[in-house]
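Sharing a structure below in structure tokens format, with a few things to ask.
Labels A, B, C and D are assigned to the chains in the order they are written; within every chain, residues are numbered from 1.
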Amino acid sequence: MTLAIEDLEGIAKIEKERQEGFRHRINVCIAAGCLSCQSGLVREALEKEVGRRGMENWCLVKGVGCLGLCAAGPLISVEPDGVYYQGVTVSDVSEILDSLGGSPIGRLHCPAQSPFFTRQHRIVTENCGKIDPERIEDYIAERGYEALYTVLRSMTPGEVIEQVVASGMRGRGGAGFPSGLKWTAVSKAVNNTKFVICNADEGDPGAFMDRSVLESDPHRVIEGMAIAAYAVGARHGYVYVRAEYPLAVKRVRTAIAQAERLGVLGSGIFNTRFDFKIEVRLGAGAFVCGEETALIASIEGRLGRPRPRPPFPAEFGLWGCPTLINNVETLANIPPIVRNGGRWLAGIGTEKSKGTKVFALAGRVNNTGLIEVPMGTILRDIVFDIGGGIPEGRQFKAVQTGGPSGGCIPEQHLDMPVDYESLAAVGSIMGSGGMIIMDDASCMVDVAQFFMEFCMSESCGKCVPCRVGTTQIYHLLRKITNGTGKPSDLAMLEELCDLVKNTSLCGLGQTAPNPVISTLRYFRNEYLEHIDDKTCQAGACKIGSVREAL
Amino acid sequence: MDIKSEPSSRSSGEPAQTTEDRRWRLVNRTMRMHGNEPHALIETLHSVQEHFGFLDLDALKYVAGALRVPLSRVYAVATFYHYFTLKPPGEHTCVVCKGTACYIGGASSILDSIQQEVGIGPGETTSDGQISLLTARCLGSCGLAPATVFDGQICGRMTSAAVLERIRRWTNHDTGD
Amino acid sequence: MTTPSYTPDPTPYVRRDVNPVRILTFTIDGRDVSAREDETILSVARQNGIFIPTLCHLDGLSERGACRLCIVEVKGAPKLLPSCVTLPRQDMEVTTNSDRVADYRRKILELMYSERNHVCSVCVSNGHCELQNLSVVLGMTHVRYDYIYPKHAIDASHERFSVDHNRCVLCQRCVRVCDEIEGAHTWDVMGRGITSRVITDLNQPWGSSETCTGCGKCVQVCPTGALSEKGKSVAEMIKRRQFLPYLQMMRREGRRAVAEGIR
Amino acid sequence: MNRVRIATTWLDGCSGCHMSFLDMDETLAAVADRIEIVYGPLVDAKEFPDGVDVTLVEGAVGNAHDREELERIRERTHILISFGDCAVTANVPAMRNQFKLQDVLKRGYVDNVSHHPAVPDAGVPKLLERVRPLHEFVAVDLFLPGCPPPSEAILLALTDLLEGRTPEVQGKTRFGA
């Protein structure tokens, strides 16, 4: 089947007319967050009630992706009025339908003018909460696959890469490697067979950006992959997604099937000679598979143990062929880069960190949820303005970024801009975008122990420093948190952290000590309290019980 | 016997019910989709676990033979990836998320209270085979921490009391309540 | 999904970024050396009589870069690099035995000792053990990290050999020799991280393995007393590895003969 | 000239290291006029004296008494030598560390005993949960591994100390030697 731009425009037009034909449109968030507070039931009840009242012709009930403010779920938005409702239950359904066209229900009202919504800059998540992730037509109505058409019909692969280079975008998966360089390397590699892999193995505990994007706007990622494939010369792609995200898996599979049926995936896309197919591969619960070479091994059906690089996947990747591996968010940035030009993205953010970044706000903060802000946004604004500050009137203590590879940033650094360099300077990393806020009820030694336990059990076991070193660090932290630590343990902790960081084989081991190093740097007094006074101010560690036993 | 010889010569591990059991047909279909190639191992194990709930030794042996993957590698893969389980799950499963946000939000006290009430720790099943307790690295529902999954249904903002209430519903129901 | 999956090309992967014919020069510990582009720093060092400690490396088996003992410093490189898998570049300056590297090596060795239950005095390989020997060579007189003391079993179900997991360092030489030279792939590593353990077949007693040919290569390549011949007492297990270079050469020739279709 | 005051003792060990010490035979005589052995199984002294220059401690720390003894020795000794594998690595005594202390005692005093099986609870020091090397309890100045350390290595260490040098025993002894 050959698809022309007119067909895309036609689909978009029909879809727009269809939607605008409804006087009222009720968008119900059906991403995992809201689903876990029964938004599925709310949607059903709305549909049933609309049917019962005979409103089907002028009131549309639509399941949409993440609206962002998970803390207030289930969320719904009513268009075209632009009204948000929070904490909606099945019993509110009648009242909502009664109020259509009238004044909003104050009791459920979620102020759309609050900083949580107004301070965001949505590029990657522009369609989240707007379109039905299970309808390709809805994506096309928002200019979906237009970028792919432009690329295939009017740009050379080199021109596409130029735009990505010009955008200055850096990989959103964690390390922040310039995406344009990666694309260039793969495109230059000499081989008839190349692959594009979308890394959706979002393993950081406390991060759910990729999940939300895949659940809310899967076609955007598929389009990004197809553009990438064209640019580097690949004909086959894989989405490697965690099995723990069944909804994301389902939506991606649905999206791929729809794209194939429509002809934006497959052979001779848009009547060109470009063929591209995508397969889904499920991760099976191994954090280390976020590492490129381990991920490749996993797709090949093998153990997810990293191998030393070089050779890098750009030269020697999946089945020995040049392979481009990009994270979900990176790929989701591609269609807007193509539509608006690389310079447009380069105009957003800071000098060295371009564009926006999606963060998952979680922990002890009022507005938990998903946010997208320009790079360089001040951390304090994220926590207190967008995040709405700390609940229950407690004291802010630290914000943890970068997951198990990142660090804890204390109050004194809250006024820094969030970009790759600034985060590195304070001993943390951008990581994939998890942001966990901690208050005075969190013990930083306990937090360090939590992350080390994570790294220890996620270590693949291949290299000695990571396999045994993380275990030794964990044991030392456990001694400290249970009140049997010695003053000399701190020096030993530092020694082991240095060893694991400098001698481990892959990124997991090399960054595993970061949470310990950063808490030792900023919260050393808490370690000393545990060791010298045998107390845990936050009350998180069970020192008391051990002391009684002694 | 050479492990790398023809799969037909290794069919001893094939469970008797293979041909008539619909679930095995679905597993076979997964393997066929991947050309019965060794690289289909993880996808196939997913398929086995999806249809049987866990991976037993006969299944591992069968998959090894069908895909021409050495037995030890199949076992290695099945134990490397934490998503796979070699133990049959209980009638009901409760998965407590131990992601960072859930940890900060009190996931450990939820686990403690389950241990106290039901007497099982993570990875364990009650002796009557009714309830399995599992932990997850992160369910991605951090916005609603702490999160827990009851028989596949995810619930946010849990407390120990709420979790125990759900679990009691299972046990009461099973005693004919 | 309805479309069948991608089927990879069955031919072996070839690194195209390396030219095995090209010769380059660089320095190791200040000495000028030359190498082919596909030779590792370790192999060039050994050819030139420069010692770099290793454990998971064994001539004739594939490289893993996992024990990290062979790390070296390369001028300009921010990270320490495992010499067993790192290829030299023109004018590279390699330092094999700086204080920093020696210090890390000793610490890594200490970690290995702390991981399992190594009791040299009662070990069949006492006096012939690569791990033990490394402690002498690297000047490691004691382990400063807490011993972990995991509980591990001994499997003596095989007719002629036994495996004592207390002495295993997870170098995977057994796994590799069984897979790459014998072609049986009886061994692999189950689990992950600190709970990893070598297994035979479906984690069953070695003696009941369907795939083990009983060739004993795994025993001979094992650097410690983890794998040993039965009937050997303390300090009596001396490993014989003379077969490895021959087998490797013959396998290579055999593969070529098959590829060329001649005999 | 003041003679260097030397002490030796053994904790959880087999006395083999002391045998090796005695194996120095006539070479011991060569340094005999410069040293004085003030405490140890080789001499008649009831209490560990104050102001000892060098103490060779054989054996691991396996019970409460070992621990107290070691701490007292550390207080009263200038240079403490961890003497032999049991002291350095906990060696054979530590082989019980894989098991729970209760199980070890039960196996030793109950399971394998036909006459009055009972775990002794009076008159013997309490066993520690785990046997550990000396340096996990006190600072150690020199490590002399070996099972036992060869007498040449012991002599070398002693003569180096007598000459005021830091002993360099690398290559002279090793674990299990």
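Just so we're on the same page, contacts are C-beta pairs under 8 Å (C-beta built on N, C-alpha and C of every residue); 3 or more make two chains touch, one makes a residue touch a chain.
None of the values given here were measured: they were computed from a predicted structure.
With B-C and A-B as the two chain pairs, more C-beta contacts join A-B.
Centroids built from CA atoms put chain C at 34 Å from chain B. Remark: chain A and chain B have CA centroids separated by 25 Å (rounded to whole angstrom).
Centre-to-centre spacing of chain C and chain D amounts to 36 Å, using the average Cα coordinate of each chain. Among all residues of chain C, those that touch two or more other chains are 1, 5, 8, 144, 146, 189, 191-192. Taken residue by residue, chain A touches two or more other chains at 286, 300, 303, 458, 460, whereas all remaining positions touch fewer. Contact of a single residue of chain D with at least two other chains is seen at no position. Chains touching one another, given as pairs, are A-B, A-C, B-C, C-D.
Residues of chain C that touch chain B in their complex: 1, 4-5, 7-8, 179, 183-192, 199-203, 210-211. By the touch criterion given at the top, residues 1-3, 5-6, 8-9, 12-17, 64-68, 71, 79-80, 82, 85-87, 104, 107-108, 111-112, 114-115, 144-146, 148, 169-170, 189, 191-196 of chain C touch chain A in their complex.
Looking at the complex, you find that chain A touches chain B at residues 32-33, 35-37, 70-71, 73, 202-208, 211-212, 243-245, 281-287, 298-304, 360-364, 368-370, 400, 403, 434, 436, 438, 442, 447, 450-451, 454, 458, 460.
By the touch rule above, chain D contacts chain C in their complex via residues 82, 85, 88-92, 94-95, 97-99, 130, 132-133, 135-136, 140, 143-145, 147, 169-171, 174-176.
Interface residues of chain C facing chain D in the complex, by the touch rule stated above, are 113, 117-123, 126-127, 129, 132-133, 135-136, 139, 141-144, 146-147, 149-152.
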